[in-house]
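Following are the structures in question.
Next come two complexes built around subunit A: one with subunit B, the other with subunit C.
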Partner chain A sequence: MTGVPFVLPALAVLALLILFPVIYTGVLSVTNEQGVFVGLANYRAVAEGRLTATAVWNTVYFVGGSIVFQVVLGTLAGIFLNQQFRGRAVLRSLALIPWVVPGIVAATMWAWMLHTEFGIVNHLLTSGGVVDRSVGWLTDPDIVMPALIAINVWKLFPFVALMVLAGLQTVPHELYESARVDGASFGDEIRHVMLPQIRPVLVSVTLLLMIWGLNAITIIYTITRGGPANRTLVLPIYIYRQAFEAFAFHQAAALSAMFFVFSLVLVWLYLHAFAAQEGRP
Partner chain B sequence: MIRVARLAAVGALAASLACASAEPGREIVWWTPSWGQARAEVLADKFEAAHPGVTVKLEVTVADGLPTRIQTALRSGSPPDLIEAQHAWVVPYAQANLLQPLDDVIEDRGDFLPASLEYDTWDGRLWAIPFRIETHALFYNRRMFREAGLDPDTPPQTWPALVDAAKTLTRTNSAGRRQYGYAITGGGEVGNTLFRTLPLMWMNGGDIVSADLSRATVNARPAVEAVTFYADMLTRHKVSPPSTLQDDGLAIRRLFVAESVAMYQSGPFDIAPIRRENPALDLGVMMLPTPTGGEPAVALGGWSFIVPKDAKQPGLARSLVRFLAESENMGYFTDTFPARRSAMALPRFADPILENFKKMLTYARRLPAHKNWLQIVQVYFDHVQRVLVGDVPAERAMNEAAIEIDRLLASP
Partner chain C sequence: MTRGRATFFVAAGVLAIPAVCLFPFLWMGLSSLKSARELYAVPPTWLPHAPTLENYRTVLFESNVPRYFLNSVIISLGSTGLALGLAIFASYGFARFEFAGKRASQAFVLAAQLLPTSAIIVPLFITLRVLGLVNTYLGLILVYMILTLPLSVWMLTSYFRAIPVELEEAAIIDGASRAAVLFRVTLPLSLPGLVAVVVYAFVTTWNEFIFALVFAQDSRVKTLPIGIAEFTGEFNTDWGAVMAASLVMTLPIVLLFFGMQRLFVGGLTAGAIKG
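The block that comes next holds the complex of A and B.
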C-alpha cells in the first residue's frame, strides 16, 4: 500500500493524457455546437455521408494490401539476411534505410519521383523504352492506391525483416542440423523450421502493422491528400478534413468513435484467428 | 537534491526572462507568406525604426494548407497580431466572429479599387484592409504558336478558337518531345481550380450559388456547360497534360517554363518566375477567351491584412496595418497590383506585359461571401475532380454537388 502515493502522480498524468481525450471525444460525438445532447444524430449524419463508405473501403484496401506485401517481402528479406555471405553486415544496415527515413521526407521524395511529367520513374521507364507514354502513378484512379501501397510497403518491410531476423537468430542450430540429417532441402528448412519458429514474431508484427496502417496519414496526406476524386481518402484523412477543414468537430468525433470500434473489431478478429491458438500451452 | 534545486533555479530564471520579453506593448507577431518575406523584412525594419521599443516578429507561412492554418490559429485563442489572408477568406472569418473591424484604419477609401473594399465588407463594417489585387489572364508561348503555324499576334478570343488553338498546339515538336496546348489544374488547393472554372461560369451567365446565396446554381445549364468545357480539355480533347489531376498552379507554371505546355491561365505573380527560370521563353499574355459573343469575366484575387479578434497587441497591429497600407509601402509590398489607385502610378507597374492584366481588372468580380464558403468550394472541387477522373459526366456530378451545397447554404 505504501507504493500507491508514489505512483499516483504518474497515474494522474496518464489519465489526463489518455483518458481525457478519449472521454472528451465521446462527449463531443453526442453533443452539438451548443453543447446540447443530441443522441446519435452525429453518428447518423456521418453514416449517411457520401464519403464514409468510400473511406472505409479505401482504408481496408490500403491496410490489407500493405500488410500482405510487407509481411511476405519482409519475411523473405529477413531469411535472406540471415544467411552467411560476404557483405552481409553492410546489406543489413542498408536495408534499414527506408524505415529510418522520416515519413514526411520519404513521402515528399516519392511524390516527386512518381510525378507524371517530371518524375524520375517515368523518365527512366519512357527513355528505357519500357512504356511509350508516361504512367499516371498518382493521377490514374486505378493506379494511385497500388502506388501508395507500394510506397508504404517500401517504408515498413525493413521493420518486418529486422524482426524476422531477430527471431531467426534465436532458432537453435540443432534444429537445422537434425532437419538436414533427415535430408531436408533449403525450402523444407524454411517451411518446417524457420516459419514455425518465427510464427509468434510474425503474429505480433502483423498486429503492429495493422495498427500502424489504420493510423497511417503521413504518406497519403503528403502525396495525394486523399485525391484524386477521393480515390485515396482513408478514414484518418477523412476525420482530419471534417475536424480541421470543415470545422465539424462533433461529426469528426462521431467518425473517430466509429473508426475506433471498426479498428477494434478488425484487431479482435485477427487475434481471434491467429494469436489465440498461439496462447495455448 | 542539489541538482533538482539547480534545475528549479534555471527554470525560474528562464521564466522571468520570458516574462520580460513578453512585456506588453513590445512585440507584434506578423504572419507573412514566404514569397513576400524579403519585402516584409524591409518594411518591418522601417516600422521598428519609426516606433522605438517595438519589435515586429515575422513568422513566414507557405501557401500549402494556409487557409486551414489561419482558421486554426484564429480559433485557438492565441493567434498572431497581423495575418495576410486572401480576400475571399475575410468575410467568412468575420461572420464566425474571429476578426476585429478595421473601419478606422484607413481614411481615404476613395483611393482603393471599390471591388477590393467590397470584398472585405460585411454587416456595414470593414474587416480587413486590401493591399494586393490581381486577376488571371492567359499566358502563352509565342514561339510555340509560330512553330505550330498560329499567329502569336492574334491569340484566340473565343472558347471554340481556344480549343482549336490548343488542339493545334498539342503535338510532338521538332525535337521529338510531346507538348500540350492548354494546361488546366486538377489538384492542389481547391482555389487553383475555383479561379480557373468560376470565371467560365460567369462568362456563360452562371454561378456556383445564386446571388442571394439561397440555393446552389452549380447544376444549372450555364454552370454545367462551363465545367464541361473545362474538363473536356483533359478528358475529351486531351490538350492538358496527363499529370493534370496532381497539378496546381505552380505545377502548370513549371510545365509552361519547361515549354511542355503552350498556354495556361494564371495571375501576374507568375511573370517574374517565368522570366527568371527561362529567360529565353517568348512570353505573351492574352485576355481570357469568352463564349462566342460573350463578355469577359474573371475572379478578383489578392490579399488583405486581418487583425484577429484575440490579437494580443491590437493597437500596435492597427498602427502596423496603417503603415503598410500607405500608398508607397503598398506599392512596394504587393506582388502584383496594389489595391490603391495612387500606388498604381509607380514605375514598376508600367511594364507592357501587364497591359492585359490591367484590362482584365476592369472585368473582375468578387467571390460570393458565405460563412460555409470554404466547405462549399471543397464540395465543388471534389465533384469537379470526379469529372476530370472520368467517373461521372459533369451534369450528374454537379447535380450531386448542388444537393450538398444546398445543405451547406442552409446550415446555421
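The block that comes next holds the complex of A and C.
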C-alpha cells in the first residue's frame, strides 16, 4: 500500500492549474500572435514601456509601506489581546472583523468614508479643525497611495495580531515571572521576552504579507483602477490592463514572467537578509 | 514594580480596537439606511433621520445582485466541496505514507500557496478559453483550487499527523479497509480541521475578486464582488445601494465565521505554525 493514489488527484489538479500555466507563460512571452519565436522582443517592449518603471515603483511602495505598518500595529494588537482584562474574548473577535470582511467591501466602505465631499473622515477632520478644507484622499495624486496603504493595513493587521497572539500563547509563563523578579518593566517584557519568542512567527507572517501585497489588486482596482495619473498602477493591475484591456497577451506574458522573477527576488532577498541576521549574536 | 504602562497600554487597546475595527462597518450599516438626500447632506448626519429600506429594495429587486448572490453561493460551495474532497485524500496520503517524491510533492504544494496569482492569469485565461470553461461555473470552481487547495492540504496534513496512528492500526487489525479507516476513524477525529478547511475555502472563494473579474464576464456567472464593483464603476455611484449590497455580501461571511470561530482560528494557526 502506498500513498501515491491518495495524493495524485490533488497534485494533478494543481499541476494543470499552476505548473502548466507557469510553463505556458514562458512560451507565450517569447512568441508573437502567430506563434513565431521572437526571442526577447516582448521583454524589450515591456522594459521600454513608459509605465513599467512606474508600476514597479508603485508596487514596491505599496508592499513596503503596507508591511511596516501591518507588522508594527499587528504586533501591538497581538500583545494587547494577550493581556489579562475583562471582555478580552469579545475584543479578540472584534479585532478580526477587518480581516473577515471581503476585500471588495473594505474597498467600498473606505471609499465612501474617504469621499472628498460627503465622506465622514473629511467631515470629522474639518469640523475638528485638523485640516482647513477637504482632503482629496482618493483623488489627490500625492495622497492616494498612502490612503490605499492605510486601507490595506486596516484590512490585514488583524491577521498579524492573530498569528502573534498564537505565538505568544506558547511563551512559557516562567519567562515572564523571572523577568518580573529581575524588575523588568512592561517595555522590557515586550522587548526581551515577547519579541524574541515570536520572532519566527513574525518572519513567516512578513513573508506571507509580502506575497499577498505583491498580489494585492482588489482594493486598489476597485477604488482607483490604477489612477489618478497611474499613481496607483501596481504590477497586477498593469498585467490585467495589458492582457484584458489592450489584449496584448504576449507582452502581458512577458510582464508576468518578469513579475514572477521580481517576486522571487524580493522573497529571496527577504529570506537572505533574515538568514544573515540570524547568524549574528 | 510598576505595571502602570501595561495598564495604559490595555486601556488604549480597549478604546482603539473596537473603534478602528467596528466603526467602518457601523458607518456602512448606517449609510445603507439613509435616503439619497441624507447621504449627500453637508454636514453629514450621524444617525439616519428618516431610516429607509429603499437602498435594499433597489439592490434586491432592481439589480442583478440576487443573481450574483446565487452564482457566488454555487461557485463557493462547489469549490469548497472539491477542495475538501481532494485535500482529504492528499493530506491522508502525506500524513500516513512514505513514498518516492513525497518531499518534492509537499514542497510543490507549499510553493503553490506562495505563487503570485497575477503572474499566471494570462495563460490560465487562454487555457480556460481553449477548454471552453470561461464564463462557466466549472471554470471558476476549478480555478479556485489554486487558492484553496494548497493551504487546505497543509492544514489537514498537520491534523491527520496529530491523530495517534495506533487508533487506525487497531481498526485495521479488526479487518477494516484503508477507506473505512479514513472515513470512520480519522475524519471524525479531525472535525475541527475539516471545519477550518471548509470555512477557509468558502470565505476565500466568496471574497475572491480578480479571477472572477477575468473568468466571469457574463452576468449568468458573475459573482457578488464583481456586482459590487459594477455599482461603483460608473460615474454616478449610488452609494446607498453600494453600502446595502456590501452589507448583503458580508452577512453570510460574518455569520459563518463567528459561528465557527473557535474551531476555525485553532485550525488555521495549527496549520500555519506547527505545519
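Definition applied: the second predicted complex is superposed on the first by the 263 of 281 C-alpha atoms of A that agree within 3 Å, B and C clash if a C-alpha of one lies under 4 Å from a C-alpha of the other, contacts with A are read in each partner's own complex, and residues count from 1 in each chain.
The rule is short, and it goes like this: contacts are C-beta pairs under 8 Å (C-beta built on N, C-alpha and C of every residue); 3 or more make two chains touch, one makes a residue touch a chain.
On a predicted model such as this, the values are computed, not experimentally measured, just so you know.
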Which of subunit B and subunit C A:163 touches, first, second, both or neither: second
First, second, both or neither for A:176, with subunit B first and subunit C second: neither
First (subunit B), second (subunit C), both or neither touched by A:105: second
First (subunit B), second (subunit C), both or neither touched by A:139: first
Subunit B versus subunit C as contact partner of A:244, first or second or both or neither: both
First (subunit B), second (subunit C), both or neither touched by A:25: second
Which of subunit B and subunit C A:116 touches, first, second, both or neither: first
Touched subunit A residues, subunit B compared with subunit C: C
Touched partner set for A:270, first subunit B, second subunit C, both or neither: neither
Which superposed partner A:61 touches (first subunit B, second subunit C, both, neither): neither
On subunit A, positions contacted by subunit B and by subunit C: 115, 117-118, 244
Touch list for subunit C against partner subunit A, complex: 1-3, 5-6, 9-10, 12-14, 17-18, 20-22, 24-25, 27-28, 31, 39-44, 86-87, 89-90, 92-94, 96-99, 102, 105, 108-109, 112, 114-127, 142-143, 145-146, 149-150, 153, 178, 203, 206-207, 209-210, 213-214, 224-225, 228-229, 231-232, 239, 242-243, 246, 249-250, 253-254, 257-258, 261, 265, 268-269, 272-273
Subunit C partner contacts - residues on subunit A that touch it in the complex: 1-7, 9-11, 13-14, 17-22, 24-25, 28, 76-77, 79-81, 83, 85, 87, 91, 93-98, 100-106, 108-113, 115, 117-118, 120, 123, 127, 154, 158, 162-163, 166-167, 180, 183, 185-187, 201, 204, 207, 211, 214-215, 217-218, 221-222, 235-236, 239-240, 243-244, 249, 252-253, 256-257, 259-260, 263, 267
Subunit B residues within the subunit A interface of the complex: 68, 71-72, 75, 186-187, 241-246, 251, 254-255, 260, 374-375, 378, 382, 385-386, 388-391, 400, 404
Footprint of subunit B on subunit A - complex, ascending: 50, 115-118, 133-134, 136, 138-139, 141, 224, 227-231, 241, 244-247
